[in-house]
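Letters A, B, C, D, E and F mark the chains as written, and numbering starts fresh at 1 in each.
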Amino acid sequence: MRLDSLSSVQFKEVMAKKPVVLLPIGATEAHGGHLPLCTDSVQPEYVADAVAKLIGGIVAPPIRYAHHSSTKNMPGTLSISFLTTMHLTIDVLNSLIDNGADKIVIISGHAGSSHINALRQGCAEVAEKRAVKIMLLSDYDLVDEFPIDQTGDGHGGMVETSRVMHICPDLARKAPCRGDYVDCGYLIVSDPERCMPMGYVGNAQDATSELGKEINEFVVNRLVEEIKKSFGGLYE
Amino acid sequence: MRLDSLSSVQFKEVMAKKPVVLLPIGATEAHGGHLPLCTDSVQPEYVADAVAKLIGGIVAPPIRYAHHSSTKNMPGTLSISFLTTMHLTIDVLNSLIDNGADKIVIISGHAGSSHINALRQGCAEVAEKRAVKIMLLSDYDLVDEFPIDQTGDGHGGMVETSRVMHICPDLARKAPCRGDYVDCGYLIVSDPERCMPMGYVGNAQDATSELGKEINEFVVNRLVEEIKKSFGGLYE
Amino acid sequence: MRLDSLSSVQFKEVMAKKPVVLLPIGATEAHGGHLPLCTDSVQPEYVADAVAKLIGGIVAPPIRYAHHSSTKNMPGTLSISFLTTMHLTIDVLNSLIDNGADKIVIISGHAGSSHINALRQGCAEVAEKRAVKIMLLSDYDLVDEFPIDQTGDGHGGMVETSRVMHICPDLARKAPCRGDYVDCGYLIVSDPERCMPMGYVGNAQDATSELGKEINEFVVNRLVEEIKKSFGGLYE
Amino acid sequence: MRLDSLSSVQFKEVMAKKPVVLLPIGATEAHGGHLPLCTDSVQPEYVADAVAKLIGGIVAPPIRYAHHSSTKNMPGTLSISFLTTMHLTIDVLNSLIDNGADKIVIISGHAGSSHINALRQGCAEVAEKRAVKIMLLSDYDLVDEFPIDQTGDGHGGMVETSRVMHICPDLARKAPCRGDYVDCGYLIVSDPERCMPMGYVGNAQDATSELGKEINEFVVNRLVEEIKKSFGGLYE
Amino acid sequence: MRLDSLSSVQFKEVMAKKPVVLLPIGATEAHGGHLPLCTDSVQPEYVADAVAKLIGGIVAPPIRYAHHSSTKNMPGTLSISFLTTMHLTIDVLNSLIDNGADKIVIISGHAGSSHINALRQGCAEVAEKRAVKIMLLSDYDLVDEFPIDQTGDGHGGMVETSRVMHICPDLARKAPCRGDYVDCGYLIVSDPERCMPMGYVGNAQDATSELGKEINEFVVNRLVEEIKKSFGGLYE
Amino acid sequence: MRLDSLSSVQFKEVMAKKPVVLLPIGATEAHGGHLPLCTDSVQPEYVADAVAKLIGGIVAPPIRYAHHSSTKNMPGTLSISFLTTMHLTIDVLNSLIDNGADKIVIISGHAGSSHINALRQGCAEVAEKRAVKIMLLSDYDLVDEFPIDQTGDGHGGMVETSRVMHICPDLARKAPCRGDYVDCGYLIVSDPERCMPMGYVGNAQDATSELGKEINEFVVNRLVEEIKKSFGGLYE
């Protein structure tokens, strides 16, 4: 259930039951020629909707802008700054809490460390001051546990392509060939796209919608488990 | 066409034609018991999609969070700060311009003066530094010109209810009665909801989907005219 | 009575009676060739002094700098940023409250929406945290109610010119001709002065000191009424 | 000549001659029971007006708010923050330079080191980026050179009282007795007023308007010399 | 060679040869009862000094404060904020570049992801604007490559204890027993020390100074290789 | 005793006794050709260590970066901004207080007024909110009291050279000749080094290690006195 399809009156009734609020944070980011720019948006939105259904949670309006580093110069990547990302997180969290939310899960589709850190700084600042339990993760934290060899598979690779093929069959397809990663050492460069010359990394040519379905279901189930473990009580 | 349904490769090709980029900025805001919290989101998204179709533009990922004053304490209003709103606007604009956009239209569903001002500050800062033409308006700037008596009709009133009934028939319905506005003079109050005791203002009991359709079409056509007037060239 | 003509000892005695504190915020802004740059300063200072006399209030040191948009590039407009305006407002308000003020009226001579919004953001931030009643208005909010046709009369027009001719007869005179407004649509432009080619708008050639006197008295009386309505108690 | 008594048209003509622009920055600050809160405002305003007359300069609208430390808790001291003071200085300087000013003198009536430092940070930031010569001083930098024993005379003491008696005979008078300074060592205290139990320091009981006149004339002449030395050219 | 043991004159001569500048950033952080609070400081300082000697570089004054998350509530952890860490990095980098540095290596002893991200944001901002090559790494990025089983060994564990025993034999000793890590899932908690109940993680009871020496030499040699690879030219 | 040579466990025990914490803040700054860039660092570190020994205090990790004005363009001066300096001070103070410190002495080697003011702003902000006593001084505040004629002796002069010759005999020596100061009036200049053409001011050719030893001992003893006077209790 999407939070903003409710009226103010309905919302007040729903919040009185203290549901888990899921906030999917996506991105608009280049993922090669075989995946749409909304790749990092549709995955956490899919997961949030599915989890909400299973546990009776509600889904806050998704955000489709993130902070980007490695793909920032590629066509179609729209990046907001570290600080904007952090403050947006803080403001949305505080506003949800003002409205009665006491259990919030942020699911970030984009797993870049700078972006995740902006979210983490925001969550930490709120968690210190308000009476709330906040979980922060990327769905890719859980994908890592999926029992398949993911060595060398990364941004826009076999796993991600498979997942998006399952969620948005019209927008995604397997890639024509493998994408390589070029090591740039420890230099801070202003053209990081040279580390990812094809715009993606991994065996995206082996992606299938069936694999995507399996992974997506795995992530949804694992997240339900984590939520039960972290929030306890109602969900135990 | 939604910008983020394109791949990075397709996006680059589309941007080479220098299309108008439309950015709908919505809100999550209480609008009484007869309208959904996404009321201010679905209207500019509808307008942006329709205008894009008519002029060959593309629609950037919508934002569904805004800065709120008068309804900030009502259930379901999610508000981000003035500065976060301003910086988010600046970052998204700059990122679009970095990607080749030179004609951008921001359509804000929420027409509160603080929110519009946050957007305006952001647009002005970008317009001074970059080679870009930016239009900023609320669809309600154009609704004002619609030839019907709108005296005393405001937030969640007859006009807005009609428009949302047309766009989202499942989420909206006419209100049971009129909503009144209570004048609070020039005091800066921390409980501004007392000026709007029913959560909406105007003859929302007279709303109809048909009227909404007329107004929505009027707004779309007027915006196309304004775009042609402001951007000229290709659109003349 | 000007607050800063008192000694520290006298000030403490005066504040013990909990007077209304009036803070006139003016501007240094181009108003054509017939009005001085202090046009937006002398009007609220006149109103504040007159109102203070009638209700036993005191007038805080005026500020003669504001945030400007439409006239920012005209000779003589001195503009401070949105944020500086906001923080200056916050700091002065907090300092007045620290000194015992519990009823404050900010009267802004400049009525531009960005400037008023900067003041409003500042007032709202203070009003949320401190035990104080704050009124914020431009004297032009009240001028609008004056029973005369003001259609098409604006910045430096008939009404404003008349008012300043009454207050500062040596610095102001009626204009040689009408000033026109050129509509720029919804574009955010960096040269907004093109919308006001003569630097003022309206029938400034019809201004008279007598009319100015009437309007100024009207504004003073209306503000006294608003203050009584908003602050009640002592003033009822 | 006050800058804001000019019209936009007159101002443009005056600035074409590249006059020195003098910006008096005052304060609203407790100075015992014998001096008004505007003590630090009227002194630099007097000096600025007199110097402007002698060298053909113009005086920007004075500011009567400053950043205070030692008297911040005394009745009547209105303090704005270090950062607001710095940004206000930056904005006004930049706006003057945008209007053609290339020689600016800031005269601060308040000589507290934190306040002066806020002004200095602002001036330094502007001086690095713009083509302008900026002088920054307190009139008390020059008072120090006046040939009289000033040992132990400070805030609101003999010298300051005499100067204000000369400038504002109706608002100032000599004090009934000497004001003492109590050394607080190097502790950063939140009640610094304990170092100045009477609210002023020095032999304010010996102040005379005649002495004030001498000092004020001395300061005006010394500042004219400094301006000629620093700006050269036209003034040599 | 420490940069600040040179005089201004000597420094200018040294910089003319364009040496690599190494900036060790340490921390003051709890590492159990067997390691000193300067544990994260002495390691990068050791590495920086040794590398500088091998390649003719110079070492900028070390910083011994960092941004901490997981140990922030443990006795002795001194933490500076994310933004302070970022701005400090930016300022020191810019100042080094203003002095002629064109090849800079930041070595962070603390490898927490928030801290590293603060450094990375700072480096990225500088790298975009200045003509400089910046390397950023934690010495633990290189330690990871050392051929020994490091599974489950972490903060204050066998590897770190060994390294500090070699560098500061007087301040460090092996721990009495193993330190465990307690998984806290994805919750953002305000008491993260509960994940590290003994204050360290790993087989710190097996640490030896000999092992530390081997690792330290390994890190120094690997960093020399990375520097040659990244900066080329002179070092190839 | 240096704070960070303790383990977390030892630190907790030491802090339970509520010792004075001394924080030496140095600088990396040009001091002519006869003194090292660490001149302003080694002096307060020497003083802090000596005072700590005498009163049973502990010394927090020194900072060797400061905010510079007059020497900012000289080779080897590394300057951090006013705001970074202020925030670094705030963060370190708060972190010490979080760890139980209730008596803190900041000793700044660099005595420039902008730098001292940045520290003062930071201390004042902390002192208002936390239960702590903070002393802030430059060791040069005490040097001023040393009974020797210091007229015209300043940055890198006879006194400073003597002190560093005593502390770091290997890095410092007397200068070949006197250094002059050139008065620049009240202009805010971007090349302030022209006021100090030799990079130092005073009779640095007369410096001796013996004099330095006397002054250093004098400063240490005077600071012990000031600490006893300000903190009382335990130290009386």
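Operating definition for what follows: a residue touches a chain if its C-beta (ideal position, glycine included) is under 8 Å from a C-beta of that chain, and two chains touch if they have at least 3 such contacts.
Note that the structure is predicted; figures quoted are calculated from it, not measured.
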Would you mind checking the shortest number of contact hops between subunit A and subunit D?
-> 3
Starting at subunit B, how many touch steps does it take at minimum to reach subunit E?
-> 2
Same or different: at the subunit D/subunit F interface, is the fraction of residue numbers used by both copies above or below half?
-> same
CA centre of subunit A versus CA centre of subunit B: separation in Å?
-> 26
In whole angstrom, how far does the Cα centroid of subunit B sit from the Cα centroid of subunit D?
-> 49
Any idea how many Å lie between the Cα centroids of subunit B and subunit F?
-> 57
Return the residues of subunit D touching two or more other chains; collapse runs of consecutive numbers into ranges.
-> none
Quick one: do these chains touch in a line, a ring, a star, all-to-all (complete), or other?
-> ring
Listed round the ring from subunit A, going first to subunit E, the chains are A, E, F, D, C, B
Subunit B partner, complex, touching residues on subunit C are 69, 82, 113-114, 117, 120-121, 123-124, 127-128, 133-137, 141, 185-190, 226, 229-230
Can you list the subunit F residues touching subunit E in their complex?
-> 2-12, 15, 28, 30-38, 41, 60-65, 74-81, 83-84, 87-88, 91-92, 95-96, 99, 171, 199
